[in-house]
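Down below is the structure, laid out as structure tokens.
For reference, chains read A, B, C, D and E in written order, and residue numbers begin at 1 within each chain.
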């Protein structure tokens, strides 16, 4: 194949990092719920998909993308609160299997409801006007909208980091995941904390869905594929570690970027190969603590 | 973690009469059920699928329910069994029973490879490594188009008649197919019950319960885990081989992680760590999916809702709940 | 009289300069000690002195960072833990560690089985009736006969401690390591346990970690005192009791 | 005289079981909409057959099953259809792997299967049997038609973006074969895994190859996303994108922006009703039955697949397999898009291919999404030869 | 201050506590003694709200507790040191201590309070950033006590605090309880080291098989030979 210029490799690297940022956004909500509540949220992809559809709906009734950017996470977060309260709460302390099964069922229900209300075919989702087009980033052209998504990811991460590190929330959540009873004895209403975390996690999933919509359009099945990728990022980074998720997301992006260059058909399996290697060498992921959830 | 309120295995003196009856005549009940099963199912091919998935879940349950490791890569074991069996017939012209044996061996071997790599990890990480490795297996089979047919799947596993003690019987006949496959499944169930009742069965449970203590008691935890995983691979490999014969094709989807996920669901639905749970889970899941999907295209809504209800109201799974009721 | 008692006085276990570091922290430093067969040796020392760490080295839970462990004349350093159990070394855990969902009897039975059958996947275990009989005998010994059918996790704390000892005994060790066996037991049960330990020591070697000084001083043949990961003192109960350094860092002024 | 007494008719029907056509299609899953259209059109063909009196009064019935786009499920469902429902024929499928699975089950049991989805493999000797018919186009034909059109118009430097599976490879092979005639320069074939949702790491590479034409050989959602993201990356500014197959449903789902200016092939477009009376008749019948809805490409295939079988039954005067096979082989038909017939050696339907371009302006109605650029007439020369497929003679 | 009357509790079907009645006044040290399995832990768990099924009445500062979840009971000024210590895995010593503070209404800064407690348990101060579960048995016990004390509860319940603690420190610890009492904290103590416990306690209850079988002042109990015979040390 034609020569590999420096510019191409640099652009490819950038594309990989950019993709990594999007992975981080997909994964972070999952990681939060996964690592902190020990709930393997199989419905994460469904929340993501519903986020995109809610955005679609809001725009169709006259909203615009910027309103959606606020409203979608809010609505999906509220929905998440309801789900936690009614469905997930009875399952805490029963191990990781039950929430997993329940959210699996829930994802079926959510996807099917969307099919009933919006139909089986997908819809196009236009990139907002001022974010259309590509800009020169020095080594080549790159779509403006993708740059915007990266910025949005950074904002979400910063907010999350502040929330977890600058409040006692992070501490409570980490302790609560391992021994909720003692945390209760120490005066914390763990259920409320869990409720909030679940809400935040799903809100981020919804936001990710909305942001992904202009990249790929919306379709009821859109949550399925990202779920596996999000799991990989979460696990490679070490569960419950935000920093780990960021590092892993970017790494996965770069790995995909580079395999796309040299063996594109392996792009997908490279993610899993990476995960297998990382976990075989370091069973708890980059920043995970050993022993969690065993 | 917390004060989980699982059913404690406590033998009790006051047992419901049906339960007593059922335990006493366990073997005959199973035989009767297997005999009449295809007659009460919507169609025979479904009954065969249930047997096969039940066997698959049985093998999975050994690792999940008894050893306490959640594997998300069992599709690789099932799929390897299916492909090895199919390839033996299509490309090497092996006889059907040799191909089944090859499939079983393929499952064992694949389990050994995955097991050796993954067994060091724990908990959710184990689930993820096994999933990742099984994805790699998927890719391997996907790319080996000449052998496996790649995305188009492996076709041509057409076994029209089979030799049985000199008898040539018509394998196309659905009932014959059912009973031949049922014979294998029953044999597998028998072997499983021996394993669980064996001393090693106790070791498996001990390792699940408390790894540190098991080690101090003199058990090699890693080896026990590995051996259990490999045994499980044998059951799943056999299931895969039977599946290949039954459907006469091996779709690449058999290696997809959804197939791994499916077996988790089946085991949980039926009752993890119970002997008949996997088979019952397979029956309920597949029948439900079948009936509802003929009735409405929105079958996923109903199936999903039933899942949710099961988790909330029958956390021990269908069979697990029945046992708990029966013991009372 | 058993063989063990015949050979009393012979060295069953020896550590040569063993140490253990966790990251930068030196938990145990250069301990050389010998343990005589058939004796009760106690290890005492302040909290965090390194007693449990030392125990873990002796039973193979993890390998020492340096030095070597020798059991019955064989170098066993770095062997996996289950091999230690096969050789006849058993330990009880300081923090209770049982098989929570299994019944009390099954807990013991599984412990016993490790010596007989580990990888037999075919013969029914019900055939190993002898194991159940021995399990019942052990249950009676540690006073859990009545609770034999209860799941271990439903036992009260003290009962679980007794089960812990029973499980250590199950592997028929020649060397028994007991890490605070009576912690959490009522005085009455402690007394029973003490009697039991003395009885056990007739047939095997016992190494004991305890903070209950009356018990320790009463039954030990020899006492090692650890402090900050080092061997502070060593001797008969009398000698140790008189030792000023031991009084200062461990016993305190009150008469124990 | 028979028809006068309703009583007699009921009696007759009770005596003679209906002609059953098994119809496994992926009602759930990403191609649910297409499958729905296949069912609708199939029902139309059955209704027309029944209204015309059936086979001497014996009515037909479509037994629809959801194959969930999964070959294993499809094989199970086909077993159900054959063993339990005792269907006389099977028509259906919407994926290469699924049709091969169904075919493997039906050919073993001597049941006629008319496939209505694309694949090259099904024509090949290994999978073919005398009970196998292929109503749909195959990738070789669409790629050929689109290639012949595009390589003269847009340039000779060609790059490929291909889904890494048999169907994708088959499309590329088709392009390369016609490419030989036009001396195209192959700049490279980048293969992406099936189900890729992000092409951002592949597009810069393609851009740097600076081709005149980019062939996107994939289907469904892969294609929608690839086109959408290629648009975002500004690829269309300098490069003409072509695709062997543009499906109606994909275009609707992805919107005009993503598909704007893309040239591709298809088997049917409702807009050719000014050219063929059969098209008009089909459109009208479909509209009438389904509240003014227009049929799509996959719908037309469902219609053609069912109707050919039923017409052959009529021609054979029986539902006996061998007779129907003979009747099908002899059939010359024009049901919805001009003349067609099944080639003898591989039972491939020889038919026209439309070369279309996606519209983004001047749309008359919501189904008005393509403009037909040219029509390649049915011609056996555009198929792979029987020898190449491994058939004797 | 704490009043329990006719308290019953169950583990599944087994009736672990039967009509327990006892009371603790402000500023007292009250001791619960009894053999293994007598129901001491269960009593404390019921007071703290960790038992599934309970009946009867438990009032604290006049408020009925039984219907309240555990965190509300903490807010009312109750603290509990469980016998299994319940040191949280994956957290450092400091984080475990912080956990004791997240719900407290203390005005002082977190760091200050941690420093205060570190003065009482110097060993913890040395190990602030060690992962807590890797500490020695005794160290973990200290941490569990420190974690409960740090929020300055009105009533602290300790389940076998001297378990695994070395003799010098046991003495110091009981000294500490005495001084806590002096500062107005009420103490409800479960202890197997009966002599020592009675040495600092005001009153004691003897439990057996889920019922209170005896109650008396500490002095009286210490003098009681039968009690001494049965419950006092070796």
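Quick notes on this structure:
Quick note on the criterion: a contact is a pair of C-beta atoms (placed from the backbone, for glycine too) under 8 Å apart; a residue touches a chain by one contact, two chains touch by 3 or more.
This is a predicted model, so every value here is computed, not measured.
Path length between chain A and chain C in the touching-chain graph (shortest route): 2.
When you average the Cα atoms of each chain and compare centres, the chain farthest from chain C turns out to be D.
A separation of 37 Å divides the Cα centre of chain B from that of chain D.
Rounded to a whole number, the gap between the C-alpha centres of chain D and chain E is 76 angstrom.
Put simply, the C-alpha centre of chain A and that of chain B have 32 angstrom between them. With each centre defined as the average position of its C-alpha atoms, the distance from chain A to chain E rounds to 43 Å. Multi-chain contact residues, meaning those touching two or more other chains, occur in chain C at positions 154. Those residues of chain B in touch with two or more other chains are numbered 6, 8, 300.
In chain A, the residues that touch at least two other chains are 115, 178-179, 181, 266, 268-269, 291-292.
Those residues of chain D lying in contact with chain B across their complex are 27-28, 32, 65-66, 68, 70-72, 75-76, 79-80, 83-84, 96-97, 100-101, 103-105, 108-109, 119, 121, 126-127, 165-167, 194.
By the touch criterion stated above, chain C contacts chain B in their complex at residues 59, 61, 80-82, 84-86, 90-91, 93, 97-103, 106, 109-111, 113-126, 128, 149-151, 153-154, 167, 170-171. By the touch criterion stated above, chain A contacts chain D in their complex at residues 1-2, 5, 7-8, 11-12, 15-16, 18-19, 22, 115, 119-124, 126-127, 132-134, 140-143, 145-146, 215-217, 219, 221-222, 225-226, 256-257, 260-261, 264-269. Residue ranges of chain A in contact with chain B, taken from their complex: 34, 38, 40, 87, 90-98, 100-102, 104-109, 111-113, 115-116, 178-181, 228, 231-232, 235, 239, 266, 268-269, 272-273, 275-276, 279-280, 283-285, 288, 291-294. Remark: chain A residues 168, 171-172, 174-175, 178-179, 181-190, 289, 291-292 touch chain E in the complex.
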